[in-house]
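These are the structures, in structure tokens.
Consider the two complexes below, in which chain A is the common component and chain B and chain C are the respective partners.
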Partner chain A sequence: MNTNYHIKSFCSIKNNQVSLNGSVVYKDEENSFSQFIKAAYKQQNSKYPKFFKMDNLSKLAFLAADILLKNENLSKEKENNIAIVFSNKSSSLDTDRKHQESIQNKESYFPSPAVFVYTLPNICIGEISIKYKLYSENSFFIFDSFNATHLLTYTNSLLSSNKANQVLCGWVEFDDENNYQAFLYLVSTKGTTKHNKQDIIKLYNT
Partner chain B sequence: MDALKQELKENIIEQLNLEDMTTEDIANDDMLFGDGLGLDSIDALELIVMLDKSYGIKLTDPKEGRSIFESINTMAAYITEHRSK
Partner chain C sequence: MSKVYVSHNNIISSLGFSSDAVVSKISKETSGLQRIDNKSILPEPFYTSLINTEILQENFNKLHPKAEYTRLEQMMITSLSKVIDASNIKLNDRVGLILSTTKGNVDALDTNNPFSKDRAYLSELGNQVKNFFGFKNKAIVVSNACVSGILAVAIAKRYIQQDVYDHVFITSGDVITEFILSGFNSFQALSSAPCKPYDADRTGINIGEVAASVLVTNNSTDLAKEAVTVLGEGSCNDANHISGPSRTGEGLYRSMQSAFKQANITAEDVDFISAHGTATMYNDEMEAIAFNRMQLSNVPLNSLKGYFGHSLGASGLVETIVGMHALKNNTLYKSLGFETLGVTKPLNIITKTTEKNITRFLKTASGFGGCNTAILFQKTN
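Presenting the complex of A and B:
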């Protein structure tokens, strides 16, 4: 198996701060997550109105992915062969709770279809794939904590078996407004940071 | 009827998270789907829930929605005739 792969770029969103390749690109420590992520989206000039319809997990994943992928000069017409491998701990629990609340009262039983469609964690992968025309392999894993070994092995396998030219992978977790984190990175044959367990963990912790 | 149309515009913007839109951006005869506001199939389901929750109207056949949700004008006319709250 060819393991000569590199981390080309990485994006982190946590504590109301957005970082790209280790440099802070947006910070807003005053506001709630909802206000912060909306302001960060506008500052990044992403221009994708469907963003406002997404649940919190998808907004988090979409913005981190968008920051990485918009620098890749991807084709808007043709399929882009980038696989997605995401992971988290809480699955889609934040949205699951919202849906559950809407069906709690039998006298006022109005479940929202727009909420219900996000009661799976991998929907956020779909949102990214739709915007960037990604039809390649994708997976969403649930772990107790960040699992660099699994992401490393799975990503190397996708690349070495030519299932994808690049892999967008990482951790995107949303439990509630005070407990969230996105750490996404793009793996390819280009880049300066070696794609190995130590470096993945180091970047995750920055 | 004008008050209902204004209320519908406000509800649609809020319920469907049309963040970049104001009530002034929606004309009464604008197509809500397709080339108009560009609403999608999930939005159509949300509108069905909105009819039930806000106006007590239950659509048993989702296909009925096609003509009802054509514009603010068609929605307001249908609600005025069928509302139970």
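Presenting the complex of A and C:
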């Protein structure tokens, strides 16, 4: 197995705080998640109006990916073969509950395609792929907790089989406004942090 | 790199409780779809395929369950138990488990459902299946929209080639719920007639209920008669729209390119295509464009949605299993519901079930979020 891969950068959003490569870039401990994520989006100057139509999971994953990828100064002329491998515990349950609520009572029955489309966890991967024109490998996995071993194995497989040049991977969890976390990292042939289980867990816990 | 095979398999559906029984119905061009008119599920009548509850429970009870299991768990466990029995493999730490589903036990969110709402967590579904059989490794749950079932095969192959596992069991399924039907209906995608993939008079999709399971292994001995070698796979995004396919078929085209490159074969080497064919205009048209870009327009092609409906998380896997049996039986199965070409690019749709010596097939799927997957399979015997 090739162990010559590195973690080039990482981004985390939790407890109403956004950090990139370990440094806090935005913090707002007062507000609810909805207010916090909108304010963070504005402060980060993401300029992507579709953001406001996204569900909570997509907003969380999109912003974390955008902050990380923006910092990479990716080429706009040539394609970037960056695979996306995401995971979480709650799938799209936050939006699933909203759709269920809209059909629970026949007297107030109002299922909406704008909600239903977000009842799949991989929609957030689609949103990021559209913004960054990533026609690359993508997959969404569910585990009951952060699974560094799985992400390591799958990422190494994509890189060593030349399916991708870099892999954006991690954990994007949104159960409810008080239980959310994004931890994304970019695996590449360049970088200072070794791509191994211990270092992934260390970064996840910081 | 070690070779990877898809071997023992099972299908549970309205067409039967074993792959052989289901394939025998398909060879007779029998559809598993039926009309349902039940206002408590959906305001309008719709077509679906439903697993027979009595036979499911009878089969499941033979496994002596010691707790209460949801309908989906019963489907998956019953299906997987048949594959584990046929494989005769000891479940040690070199054996993996992958579950493919889009919505899992989402019916547990319904206030009228007897199970706890916590059962709707997909990891809980994974734990239920893992613990029932005593797998040593955690279940890997794949939830990547409508490509999940076929993507699971690619993931199993990758795990084996990374030398993490020697064998991976995959089980897949989704249940027919008001949740799913009301959602697709809000998109005005549901047909009130049996679906007609690629046909000029198509009226939309049918959702169907299936559980399908396979063994993926690196061991070339003790393979099932219909076992196939995985030649190459790819799974690429459209980067275009979250709920509509790309007009150029970009992601599907790239997925096929990736699979052909890895397999090191060309379009002429493919004997048939088991396509996605949901019978929506956008999907069918997108596929026609992508297959033409790959020079695959002359290759015989079918969609199996006319037999099962779209079985979501199971669809890619159940269609792969039928493809494996097609190779073994040297038979091209009719694309049920098709009469007149209703896409703007030529396709060679199979209009009559025919015997033919065949060796390789291409399986494709596409889904919401812009995801696509393509895998090339080759007969082993």
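What we mean here is this: the second predicted complex is superposed on the first by the 201 of 206 C-alpha atoms of A that agree within 3 Å, B and C clash if a C-alpha of one lies under 4 Å from a C-alpha of the other, contacts with A are read in each partner's own complex, and residues count from 1 in each chain.
The rule we apply is simple: contacts are C-beta pairs under 8 Å (C-beta built on N, C-alpha and C of every residue); 3 or more make two chains touch, one makes a residue touch a chain.
Predicted, not measured: the structure shown is a model, and the values here were computed from it.
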Put the two structures on top of each other at chain A: do chain B and chain C fit, or clash? fit
Output check: A:F140 vs chain B and chain C. Expected answer is one of first, second, both, neither. What do you get? second
So, A:I130: does it touch chain B (first), chain C (second), both, or neither? second
Chain B versus chain C as contact partner of A:K89, first or second or both or neither: second
After superposition on the shared chain, which partner residues are touched by A:K70: those of chain B (first), chain C (second), both, or neither? neither
Does chain B (first) or chain C (second) touch A:R97, or do both, or does neither? second
Considering only touches as defined above, state whether A:V117 meets chain B (first), chain C (second), both or neither. both
Touch test for A:K14: chain B only (first), chain C only (second), both, or neither? neither
According to the stated criteria, A:P49 is in contact with first (chain B), second (chain C), both, or neither; which is it? first
Count the residues of chain A touched by chain B and by chain C, then name the partner with the higher count. C
Rounded to the nearest 10 degrees, the Cα-centre angle chain B-chain A-chain C in the superposed arrangement comes to 80
For chain B against chain C after superposition, the smallest C-alpha distance in Å amounts to 7
Show which residues of chain A both chain B and chain C reach, each in its own complex. 111-113, 117
Of chain B, residues touching chain A in the complex: 16-20, 42-43, 45-46, 49, 52-53
Within the complex, which stretch of chain A touches chain C? 1, 84, 89-91, 93, 96-97, 99-100, 102-104, 106, 111-113, 116-117, 119-123, 125-127, 129-130, 132-144, 147, 150, 153-154, 156-158, 160-161, 163
Chain B partner contacts - residues on chain A that touch it in the complex: 38, 49, 52-53, 110-114, 117
Okay, in this complex, where on chain C does chain A touch? 40, 102-104, 106, 109-111, 120-124, 126-127, 138, 140-145, 151, 155, 158-159, 161-164, 178-179, 182-187, 234-243, 250-251, 254, 258, 262, 367-371
